[in-house]
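Below you'll find a set of structures to go through.
In the two complexes that follow, subunit A is the common piece, with subunit B as its partner first and subunit C second.
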Partner chain A sequence: MAKSNDVAVKPRKKGKGINGTNTIQLYSLAAIPAFLVFVFSYIPMFGIIIAFKNYRFDTGIFNSPWVGLDNLKVFLASDDFARIAYNTISMNLLFMLVGTTCAVLLAVVLFEITARKAVKTYQTILITPNFLSWVVVGYMGYAILHPTSGVANSIIQMFGGKPINWYAEPGYWPWILTIASEWKGVGMSSVVYYASLMGIDASLFEAAKIDGANRLQVAWHITIPQLVPVIVVLSILRVGNIFRGDFGLFYQMSRNVADLYETTDVMDTYIFRVMRIFGDFSLSSAAGLMQSVVGFITVVVTNFIVKFIDPEKSLF
Partner chain B sequence: MKKFLAIVLAMLMVLSVCTACNKSGNDDGTVTLTWYVPGDKYPDTALIVEELNKITMEKIGCKIDLQFIDSGSFQERMNMNMASNSDYDLTFVGYLNTFEGAASKGGLMQLDELLKLAPGITETIPEYIRNSGVYMGKTYAIPNMQITAYALAAQSPKEYTDAFKEATGQDVATFTNSLQYEPYLEFVKANYPDVFPFQTAYGTGSFRSQDEGMDAKDPFFRTPIYGGASSYQLYKDSENKCFKIINGLKHEELSNTKARAEKLHEYYKKGWIRQDVDSVLDDTAEKKQKRYALWFGTYKPGMDGENFATYGWETVSTRVSSVSIGSASATMVGIGANCKHPEEAIKFIELMNTDKEAYNLVCFGIEGKHYKKVGDERIELFENSTYKPNASWKFGNQFNAYRLPGQPDNVWEETIEFNNLGYEMSKVNPDVTTLGFTFNKEDIKSTVTKVTEVGNKYKCKSTGSKDPDTYWDKMIAEMDAAGNQIIIDEYQKQLDAFFAEYPEKLEDIVW
Partner chain C sequence: MIKSRSSIVSQIILNTIIIILCCIIIYPFLLVVGASFTEEKALVEFGYNIIPAKASLKAYEYVFKNPAAILNAYKITFIFSVMRMVLAVLLQAMIAYPLTKKMLKGRAGLSFYLYFTMLFGGGMVPSYILITQYLHLDDTIWVYVIPMLVSPWNIFMMRTFFAGIPNAIIESAYIDGANEYRIFFTMILPLSKPILAYIALTTFLGAWNDWNTSMLYINDDSLISLQYLLQRIMKNLEVLQNAQAMGVDISTLQNASEIPGETVRMAMAVVVAGPALVVFPFFQKYFVRGITVGSVKG
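Coming up: the complex of A and B.
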């Protein structure tokens, strides 16, 4: 979150910090986090080589035999891989689109409310679902969608409709999962946007008011444009995880029902099942590496596109 | 910059001091063996260890550090221990910390030489049971002696079977095959609207091969030998005196796999199987509430007593299959690959298999504190005891364990007899794993993955929710496309190589 705010700040002169103080102080302040990143994020990266080896406990990382891309092939060779990749990417895009829209709208609406107590109350209500685990949410979904005694089917039948066997119809699931994901996550993600709205220069709103703009016009011409940089940065960061599916969401909500794999099976649930067969270090590193490489490429590409359109708004 | 370096150095020093103070050494030079077992930590574990050490110091001259790790993270913790080449000494191997994974990746020490130091192990555990701990011809783990023969048991709450007996005069205890239960299922369906007559949730408890009702008329005996996904079966070719791996899904003349799936679907259509079976992830709570009238499980002498302890109500269990040889690979003990004191470790395994006092101490705690003796070999555990692992099969030779309420006095004699029966049967109907064969899947990983994935899509095969005629051919075609034949060929190749290397293993078999 801190990052998104920094982005708007213009680059300072080299060698000089705020008010011209010596940068050594800033560096020493950053030393501990940098050290931690080095220890916990860079040193372990060396473990990537496990993905290209048949790792054995007794021979260790160095002496285990190289197997090239064999571990990756276990995933790529699957006939289902195309479907799984498509599911993962399309569901993530859907979440991003719907999620960002909902979060921004919510932030704008909350921003319009001036009574402080009311804002806090709404925020608390909206954020609460975020703290429920997917297991719990999965059971709530089950209570709603249960084929015979679920709430959804009871309502459908009350209006004379035919009950739907939700757990046998993959077609509904992209939307069910989107709703579940938003219900749980929208409050938390709107907080970021709400916070950056607080930072907008109040004089802009006053000027708009004097010019006679109504609320909708203010939102459209001032509030949302001010949010664009944050939206862009958060989206670029989110794109990095495009090849990862939220395991809890996809596994717990769909209850691992085989009939739904067509739309609910994503990389992480697939990897989970493969791991259950072998439980192999090399395979899991290969899977993780593959997801990270795809994420890295998509981040760089997206950032490049953003830079191409508007260099000011790019992440790096 | 110097300042910065100084800070970093200072931090490193603090860190290294912290790690150093975690390690506590033995000052007096006594060997202490670390022993990892899955299970909850009990407050009195330290007391037990203290008592245990008195015995081990006297008998094998070392101390034991018994470490319980909760079951949920045991697999991961042991993976980490093995991956980091930790020098722990003893570990549970089996349903958690899987044997194939640990042995094939070099996480366990090879025990063949060490076993010579511990004759108690080879004397008490017969070779065919020890073969469960053999990988590629070498011993890597010692099975805990317990029930190893396998038979299928049909189990029902006594409440329903009593009502059934009253209404129809039929006693389920006299049944010998699962098909005889059909009138009972119908009775439950008609009289108990809240009860699901037959449990098949997530594939457990459905029909299995060897079921008398399904297989009795069949001239061939088959053992499902690899995973539920595809039904590879071992076919004894009596004419040519050899074994063939066949795909049970395809050979309807040799296998009842499809007949079983059809039967299940018939039950599903009759409403005997819950209609939401495909979306059930966990039904243990429902089972405890007596919401199933019939389920299948593994047969054990005295199992009704165990069921009573688990559920709090009585069950009636009947053996509905022939007996076959099973595997002991679910509960074993292994020595870590980097263990510094293998000799003491193997002697400790021997102690847990031969010494009643030490074994029962670890299983049940201290007399008067954690249990009371009510007979010579019979105890009752105290409620809210501060040491209650309740899993004597985790620690050693279960046939040395005290009897608990619900277990008949002769439970172990019966179990041994049952094991022997299974072993005798195995000469006619062998299971290659108990001969010491292990299927090595390393080279065909991606094919196994693909075929298993297809199997995952057709879970309905074991839940009964779909008509097999609508998907059977499609499933076979998809499995073949995924490379099913490659696995069968590889299996056959390894099996042939095994018998070529150990031709004497074929001698005992009754063709």
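Coming up: the complex of A and C.
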């Protein structure tokens, strides 16, 4: 920062910091946003105690009776827990694997295209789905997967196959959700990789060319290795959120069809349903507590790892 | 520059791959638009298709016959999106600016106070109880605005950008006797347009596509957001009619297969998503630029 701090200390007015900064004025600017963070982030943190209570609307948080670990025990012993924990983690891993691969490949292919104007147009098209809500994407999925008039079944029948009742067959959904997630997000997530490719020192490519490397060799030995640090860091940060599912993706794509819960029900959809539809605050708050605590641990651990690899990218 | 034959071939291959990919991206859009212009019977008989087997405007006629519910959802969504955008940008900048002052006492504490919310959160259940039982924001337009104004990510992105403003400019303002408010409003904000534009656009987009707030907190049909209206129509077409107290006799329509169900849904999707899709690509460069700006950690 300012070098002028080293200059002789002048007498300051009360409340004024070095260089004329005014502490009181600065704090008054920060006051309202800091207060909002307290209300909407910190108060709910204390609210997780309802996982240890039998919450009732009429008595409120403070007067609801304590039940200790009963809620957690019921939740952990239920079939729901095993299912949603498995779905949340396995789907996140699948998205991470497929998502990273697709985004990197797309970035490399775009980078290899020499016509920059064409690349701009391609990027515009590829990013467009990012502007849609999951509700609208859910409609598109419906037009494709509709059991009698959907496009997917039309194609299957064209090749003589039997139509599939997509919204009743949970087995296909991990892949359907992965495709939907990629369709919507791959353009945007490749932007980060594309940007870091643009930052590679051009002399590396020239040196490789002089050494007689062909395009594939350059891509494999120079372009992709340059991306490895970004890939590692982004992947680890995603592992930190492994216990969170994209509510919109799972809820809207599957149209919240109960027949599909076996593969499409994740922590977030489960907590929402149990709380808002069934009104069961004991079970939903126990699930919420699990998500908060496991989320905290994974985020802290993964950030600790990232800090070792690349301190610039860690959260703390 | 002379291009070798092999490089021309590889360029053709690469471009073809991306063009195929672009077609895959565009296809569902065309499918929904095509279906919305198809006659209901033709759609049921021949299935969804980009090119209508038999073209018809019936679906749009049905949607626009009673546009009150759609217009109201557009109005509500536009109002709360603008409110959230303006307030979020302003409030987040107000806390990001003090965080750039290395000499400010308690700066590290304030930073950690924000960081910690990125690590740990109470989750959906306590927030729901807080908003409905204690703050009573449910069934008001404020529930779309107030709980979602301050995000640590945005604040730290802003802080990084503000910190890059040359210190000499600010120093000279101090010497001229400007106070912090004046510096913030007349210097920091005008000099930070790229990051403010990015935060404003992402906030607006997030608000515009908000469906879960309505689902969680709104029971009053006159306050539901556009996306949630669309979500409900997927399950139940009558929502279009129920939201309005007009004396349209829909009972005659309902029992008949005259209601163009599938095509009306698709027409609704076009009406809801269309305008945003026309507008947002114009701002795309800000989104792309913002990602690269934001990837620098402060």
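In this section, the second predicted complex is superposed on the first by the 204 of 316 C-alpha atoms of A that agree within 3 Å, B and C clash if a C-alpha of one lies under 4 Å from a C-alpha of the other, contacts with A are read in each partner's own complex, and residues count from 1 in each chain.
Keep in mind that, in the parts below, contacts are C-beta pairs under 8 Å (C-beta built on N, C-alpha and C of every residue); 3 or more make two chains touch, one makes a residue touch a chain.
Keep in mind that this is a model prediction, so the values were computed, not measured.
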Touch count on subunit A, higher of subunit B and subunit C: C
Touched partner set for A:W183, first subunit B, second subunit C, both or neither: second
Partner chain(s) touched by A:Y27 [first = subunit B, second = subunit C, both, neither]: both
Partner chain(s) touched by A:Y42 [first = subunit B, second = subunit C, both, neither]: second
Touched partner set for A:V192, first subunit B, second subunit C, both or neither: second
Partner chain(s) touched by A:R56 [first = subunit B, second = subunit C, both, neither]: first
Touched partner set for A:R255, first subunit B, second subunit C, both or neither: both
Subunit B versus subunit C as contact partner of A:G171, first or second or both or neither: neither
Touching partner for A:A77 - first (subunit B), second (subunit C), both, neither: first
Subunit B versus subunit C as contact partner of A:G160, first or second or both or neither: neither
Subunit A residues contacted in one complex by subunit B, in the other by subunit C: 27, 32, 55, 57, 60, 142, 146, 148, 255, 281
In the complex, subunit A residues that touch subunit B: 24, 27-28, 31-32, 35, 54-60, 70, 73-74, 77-80, 142, 146-148, 167-168, 255-259, 261, 270, 273-274, 277-281, 283
Parts of subunit C lying in touch with subunit A, wherever the complex brings them together: 7, 10-11, 14-15, 17-19, 21-22, 24-26, 28-29, 31-32, 35, 43-44, 46-49, 91-92, 94-95, 97-99, 101-105, 110, 113-115, 117-130, 133, 135, 146-147, 149-150, 152, 155, 167, 171, 174-175, 179-181, 184, 205, 208-212, 215-216, 227-228, 230-231, 234, 262, 265-266, 269, 272-273, 276-277, 280-281, 284, 287-288, 291-292, 295, 297
For the subunit B and subunit A complex, residues of the former touching the latter: 1, 3-4, 7-8, 11, 75, 79, 82-83, 85, 98, 101-102, 105-107, 227, 275-276, 278-281, 337, 441-442, 445-446, 448-450, 452-453, 456-460, 481-482
Residue ranges of subunit A touching subunit C (in the complex, touch as defined): 1-2, 4-5, 17-23, 25-27, 29-30, 32-34, 36-37, 39-48, 50, 55, 57, 60-61, 106, 109-110, 112-115, 118, 122-140, 142-144, 146, 148-151, 153-154, 183, 187-188, 191-192, 195, 215, 247-248, 252, 255, 268, 271-272, 275-276, 281, 284-285, 288-289, 291-292, 295-296, 299-300, 312-316
